[in-house]
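Each chain carries a letter (A, B, C and D) given by its place in the written order, and its residues are counted from 1.
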């Protein structure tokens, strides 16, 4: 059994990690780390675990945790993992960081977008960006995984085949994304109160959202050139789910079949990416509770653009599920172990 | 592997049966019966099953189905199962009826509340009411299971220990229940449109809801006398979940400990009933997606009453999950097989 | 023009007061009092008022406010109004208190349920409970109005005719109430986050909710005897609305017509109480945004009980609308002035 | 008093027309036309009008209606108004058509996108597109108003100043729109059931939505050249509201001030268009229940694009409110008459 420790176990991503790892046949959570609920029973914070998890929350001592676990998940705000990480920890345990600390290779760029001086840039090169569908081989041998952001996961996977195959003009990419409210975390903020979110939709972080450089980096790697995009996230009155609607101009005339083939090239063997049938578009409800990414596209002959769409459960494939997928790779398990939950409808 | 056929596979309960049986280690669905979607792929109706279920929907031919399956689930409106059932079918396959046809032993009472002449009253005596926590032994040997209604499951389990132990006055029982909208089914009715249900709450079936006699029967068996209740269901703007708030006068002065002990007497060993800790009350979200029933109570010294509360996921423990629990018992499997999903939050 | 000041203008009830008073033909808000947003523009806190209200928030100085306004609304947590009120203020301005401070005549009872020592019990006798439909005449001449709580408004009006006419047994009254989340206020609490409330229903304050004694007092006045009830509120995933489902045993056999006549006796001339037609039950959406109270009842011959139902918009008739209705009475205006908004659907 | 008749009074737009016209000081509804509810009381269909509207629904006889009313609103699916309209009707009553029949001047284009042969192309030239902010003068003298679609209203007003002033490249415009579910109407369709819409987001009509040519026409008039766009609508789990997020490349380097000035040029005197302050973006909740359009923009120096945002209540400014605004203009009333409802929060 893989022993897992979670820093930030009482956030929404932490809760989902506990759900997935508790149901995982070859892993178990042995350290429920928390800042706010130390010494309280985990099941008192998340009553869904009543009679399932008996443990109490412990502190966030990463060094001590590294001695007792095989893998550490950090599901905390940016800055924390990077401030705690060190060679000693990495020599004892694998680290899967769900924050943004090691996603952007350029420390200066990180600092510009996040407003934080990176506390441990020396680990940036070693860290592997844990988008399994693209970086599978590098992940297997890694010690430190930068678990991708929710929007970047969905955006990159929706666009990747077309930018990689050179079918779209990178400078024309526009990503309009919509997320359920669990992405905003469990912190007590007026903006996230039920009465503020319900019966409302808003854009936020217009032109400034921190996932922009992360998406740009991944698209740039695929394009082989620097890519700048517009990315606009929106807050939706639902708990879970991200839908990405992306637009780009085609480089040249192309057919449905050719674009379809591009998606098949990259995703035909992927266990979690489902390329939907023609004219069937992703909806978040069809992936809820699962690690699936549903993608599809539509060509517009009138405007010579392609619309690319993707849907994920932000808490699963956008956070905890992808983290477990990375764990499976790190420990040589079949990649889908413990991750074959069927989407729950309605 | 147990071969299962589902009549009504394209309703919400049918969808959940497919989800649970597809994840069940010892069962498989081999017949997806439907009235409206014959010859269409099941995954075209329920896109969550894309790339998971390849089968097409078949018709609702129960006789033919009985020859090909070990167990038949009927997840259809009342009247259908009772009109199709016959000795020949029951001699070939077990039948678990999710409709109300065989829940009420008295055909005349069925006809009064449902406005239907019972098509096959000769099977009423044989049918076993599939509330596993209470009728476990009878279920094991049955051929025909009347899978309990969603409200009756939650109501009965919340009240059972107190009425069985004679702590409450049966004639004073009032049950005020609240249900998510999946309980209303997937039929296209104006009343169930998003804009009608959202930002609204209403009572329905006031004093006339058809689950009333079913609850009364179960409470009567427990009380050893005829029980009449008030039962008022309400429609809540959420997908899943039932919360029951039940009231009754205490027969005599009693203590928290004594009432607690009554719950423990009946539920201490139950895998799916969780008696919450003192002053922690059930919330539907803590059971979502799972087969758990969370119950608790509160004594009111001022009014000499007890408030009994219960929460279930109406689609799981209130329908498909309980049906699978019954299947497990019928086929000699551990009762929790395929049913240990952890509640999904948020 | 009546000059109005609001203490607590930046809560949800405060916002609604501003909406109603801004649209009121004979009143205007001249003081937007706030604790958290002093010196910020009101329309920066509530952007719905952009280009409609230009004023900045002021502090909560009730004494100073009394010199500049004709009427003071206190839409604040309990304890504040009672700690600030004094003879001098009341000699200068009418005070309509939306908190619970002056609703319960017995200071000891207030202290037991609210856990606060009443800061100014000397005003309890003078204060008039502002349920206009019942206390209209006393309100006209008052200086200090205790604006009723949301649950007590809806509960009392649903039950009043039957208890007043002696048709029901007071000791059997059980009130099961359901409220939208705006009733929980705008404070940043984890429990009221979107992801905690959405897709969930829970009971709270079981047997201990503070509106219990307020309802009991009103029902006791009507019954002419002390009434103890069970009152259980529930939190519903919607913004606005309260639905009350109340139960009581009939004192004697009675007919639909007799009960109907009781409602007509008290409400035939009421502008805001709508007694629905037979077998049509209140739904919160039919009163949203309006000052209406929809009520109806159903007799149950089987159990000899009556089910009484009521629906209000908790922010309007349950708070700000009723406060304006009281203001109209205090200043000799037609009671419906500025309050004839038609319910908004969907 | 202006006498108004409504064809399609029992849809959501019809209900809102009744709400607005009932509260309008100089208009009254004298004909509640309906196809499905003839001879039923209007308040039985929409219980919010109980005790407010006593009339029964009549049929949809437009000719007869024209003899009894001053203005006819057609709030019906496309095709109906165009099939009934004739010179005689127009000689007797003004017609405000809320369907798409007269919005697109080119009958062939209408037929391509709507799949209907236009039944009365002879009135296309006469019809005035009722976007009051742009076509105010033409509206005043018209007999037949094509009331704009919900998405086109919000999209056009968000983009208009920049395309009119030549600041953006028309061929780069991409409009990503999100709508509450009332826009889907009150027809009983499985896709619009609560459980299908709630906890879900989807795009629909990708590259093919019928509002595309309508928006393109309006932008083309403003640009003085033919404009083709990408337009993608999304269905959001909320009742009311449309949010538009539009993207375009700037023709040249420009400053915040210059763009701001463009908006001010066109909207400074507009009673219903609110240009928000810098970096404050539209949210649908701030306009709910009102006729306001909130717009704003953000320049992105990195990509040389501008993001333009707009929010409306689709039932008010996107349908019934705009229709009443047109009526006010047609009858020489102040444009805001009966339309100054303050947005309702929460």
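Rule of thumb we're sticking to: a contact is a pair of C-beta atoms (placed from the backbone, for glycine too) under 8 Å apart; a residue touches a chain by one contact, two chains touch by 3 or more.
For clarity, every value in this text was computed on a predicted model and none was experimentally measured.
J.: So which of A-D, A-C or B-C is the twin of B-D, meaning more than half of its contact pairs are the same residue numbers?
T.: A-C
J.: Does A-C or A-B have more contacting C-beta pairs?
T.: Higher contact count goes to A-B.
J.: What's the distance between the Cα centroids of subunit B and subunit C, rounded to whole Å?
T.: That pair's centroid distance is 38 Å.
J.: How many Å are there between the centre of subunit A and the centre of subunit B, using C-alpha atoms for each centre?
T.: Here subunit A and subunit B have centroids separated by 37 Å.
J.: Could you state the distance in Å from the CA-based centre of subunit A to that of subunit C?
T.: The separation of the two C-alpha centroids amounts to 46 Å.
J.: What positions in subunit D touch 2 or more of the other chains?
T.: 12, 182, 195-196, 198-199, 237-240, 283, 285, 288, 346
J.: List the residues on subunit C that touch subunit A in their complex, please.
T.: Residue positions touching the partner: 12, 181-182, 186-190, 192-199, 237-239.
J.: Any idea which subunit B residues touch subunit C in the complex?
T.: 171, 174, 176, 178, 180, 195-196, 198-204, 206-207, 228-230, 232, 234, 236-241, 243, 245, 247, 281-285, 288, 298-300, 302-303, 305, 307, 309, 346
J.: Could you pull out which subunit A residues touch subunit B in their complex?
T.: 12, 15, 19, 22-23, 46-52, 182, 199, 239-240, 274, 276, 280, 283, 285-290, 294, 315, 340-346
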